[in-house]
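Chain nomenclature is as follows: A, B and C, assigned in order of appearance, with residue numbering initiated at 1 for each chain independently.
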Amino acid sequence: MIALLQRDLLLAVRAGGGFGLGVAFFLIVVVLVPLGIGPDMVILSKVSVGVLWVGALLACVLSLDRIFSLDYDDGTLELLLTSPIPLEAVVTIKAFSHWITTGLPLVVVSPILGLLLGLQVSDLKWVVISLLIGTPALSAIGAFGASLTVGIRRGGLLLSLLVLPLYVPTLIFGANVASKGLEDVSNNGALLILTAVTLAAFSILPFASAFVLRINLR
Amino acid sequence: MLLSVDNLSVSRGGVSLFEGLNFTLSSGQFISLTGGNGTGKTTLLRSIAGLQPIDKGEILIDTDNFIFAGDSNGIKTSLTVSENLRFWSAIFGGKEFEEALEVFHLTKFENRFAGKLSAGQKRRLSLARLMLADKAIWLLDEPTVSLDKKSMEEFSKILKNHLEAGGAAVVATHIDLGLKTHSSNINIEDYRTKSGNLNASAGAFL
Amino acid sequence: MSLWEYANPVKFLKLSDKVLPFFVGFSIIGLSIGLFWGFFFTPDDYRQGSTVKIIYLHVPSALMAINAWFMMLVASLIWLVRRHHVSALAAKAAAPVGVTMTMVALVTGALWGQPMWGTWWAWDPRLTSFLVLFLFYLGYIALWSAIDNPDTAADLTSMLCIVGSVFAILSRYAVNFWNQGLHQGASLSLDKEKNVADVFYQPLLFSIFGFVFLFLTLVLIGTRTEIRLRRTEALRLRKDSE
């Protein structure tokens, strides 16, 4: 299973866009927002958490169809299904490698983009923490959406339509952790729920995803 | 006995393809599947591999003891030949892949990207996967597609070695692989479902 | 004889043939009594004036918007466990009705909210939840229409409905967490302290009764259409393979 993770990461590096594309998209969103709202740093810092979270979420959605579609097209997924590795594990690993290639880079650049949106250096901590805990859930939920649409040609738009409503709770709790953290209000409750969402998404959703993949591969 | 198929019927797209199919496969035995396009060779192999649900009958197989190779190669074009094989060897338990490279004459392409290989070389790389798995039953769908005459002969030699070592194979193919002993043929067209017979799912609406 | 016998599409068509006129009748009776009584024979509210009368569309449609999703969830589970085609097709037929009910609830809510709260829309937990529910419906319907094989489509949409239900409940909870809200409490509850006065309450019951049967009628007609489509397809398949 480590081999699968290694291979997915290697493929992401070889394909070029793997790591960079999501981050570039994230950057563009964050640059466009002040252009639309205006340069007032006070207003920008008020909306910064929301912009960072929504931007990260959209950057994540952008790359979801890559989780399974390449392996589906070249027949690898079919071979993996008949291999000794349980399909549930395959899904989990692939969701995790999606997080490493997409979610983690977003977390890493988020403090710099936070500064662009008028956040103080001392405030950046909570943005990073909330994204670090929340983005894995986005990958696991996204893997479920990707397994639903894997057999559909040009399913990218449909995939976003299916996945974005499922992202609502993660977005709400994630942004809540960050914004409460900035205001120095206790955010333990939201932090706990966000952690629970991520853990539950990674432990339960792979079963639903594998079920759906088996149907799409028959 | 490694595999037993009993009174099997399978459908595709709502229409039943074949019915009443019976056969068994024992160690050292080779079965070639023949029949025209769309008669159900691929569907049968996919059913045995557990990819495709069946309508009726029973398939008895040790699910840990087979390897399936479909019509697509399952090769990553942006990985090198040895990286492709290293991945599959890790999936199947970490067997060395040098021998497989040698047998399929891929050693000199070891560090070449699989995307740069010719169609026949890609096929050989795909078949090299079989040697990494150490499984008794090989389920192969048109394995010799895009292979030249020499590679084909070599592949039938590999198949023969596999059978002599106690393995078995079910292969959908139109080509005589020259395996005289222990080989039998199933023509799926002999089991073709009577015309107009729908599967249970579509039939429920009539 | 078991109830599951009617899960056979052909038997279901026969049964629904007999039941459908009653459902149509009940929905006409319920809706006409409820709406006429509600619109013309109830007093104006001392605070809300005649605006309050939109309750006779708003509450029943909101109720059915949620019940339709719940029905789809139950039907999806039945399909996955027992493989009855009627169940999957009923879920498929309920979705467009459910999404319409959601839209009616949102629009009547906006029309009601404007004079009362002074705004067409507020990011209140209830309103937001309904908007999210609307998105769930859209995704579900889009997935049905994107897949060619009907059994595959039924399997995938059923799984989406189940996972979606969990996330819909989670979203409802999340949205409450996110904003405390402007919307009044539930209009109907089993508590003794009712939120709606008796004069308004009785016609509302008729209206809800009418909406329930309107929903059942529409789902039944939709399911029958889906069954006939599948029947046509099966006949065509049989002919082609001969």
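Simple rule for what comes next: a contact is a pair of C-beta atoms (placed from the backbone, for glycine too) under 8 Å apart; a residue touches a chain by one contact, two chains touch by 3 or more.
What you see is a predicted model; the values in this text were computed from it and never measured.
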- Message: Of the pairs B-C and A-B, which shows more C-beta pairs in contact?
- Response: A-B
- Query: Hey, which chain is the most central one here, using CA centres?
  - Reply: A
- Relative to subunit A, the most remote chain by C-alpha centroid is chain B
- Hey, how far is the Cα centre of subunit A from the one of subunit C, in Å? 32
- Message: Taking the mean of the C-alpha atoms as each chain's centre, how many Å separate subunit B from subunit C?
- Response: 49
- Item | Length of the line joining the C-alpha centres of subunit A and subunit B, rounded to whole Å | 37
- Would you mind listing the residues of subunit A that make contact with two or more other chains? 218
- Query: Residue numbers in subunit C touching 2 or more other chains?
  - Reply: none
- Message: Can you tell me which positions in subunit B touch subunit A when the two form their complex?
- Response: 46, 49-53, 64, 66-79, 83, 86-87, 90-93, 129
- In their complex, what parts of subunit C are in touch with subunit B? 8-10, 85, 149, 151, 227, 230-231, 233-235, 237-242
- Residues of subunit C touching subunit A in the complex: 132, 135-136, 138-139, 142-143, 146-147, 152, 155-156, 159-160, 162-164, 167, 170-171, 173-175, 177-178
- Query: In the complex formed with subunit C, which residues of subunit A make contact?
  - Reply: 144, 148-149, 151-152, 155, 158, 161-162, 164-166, 168-169, 172-173, 176, 190, 193, 197, 205, 208, 211-212, 215-216, 218
- Contact footprint of subunit C on subunit B as seen in their complex: 13-15, 195-198, 201-206
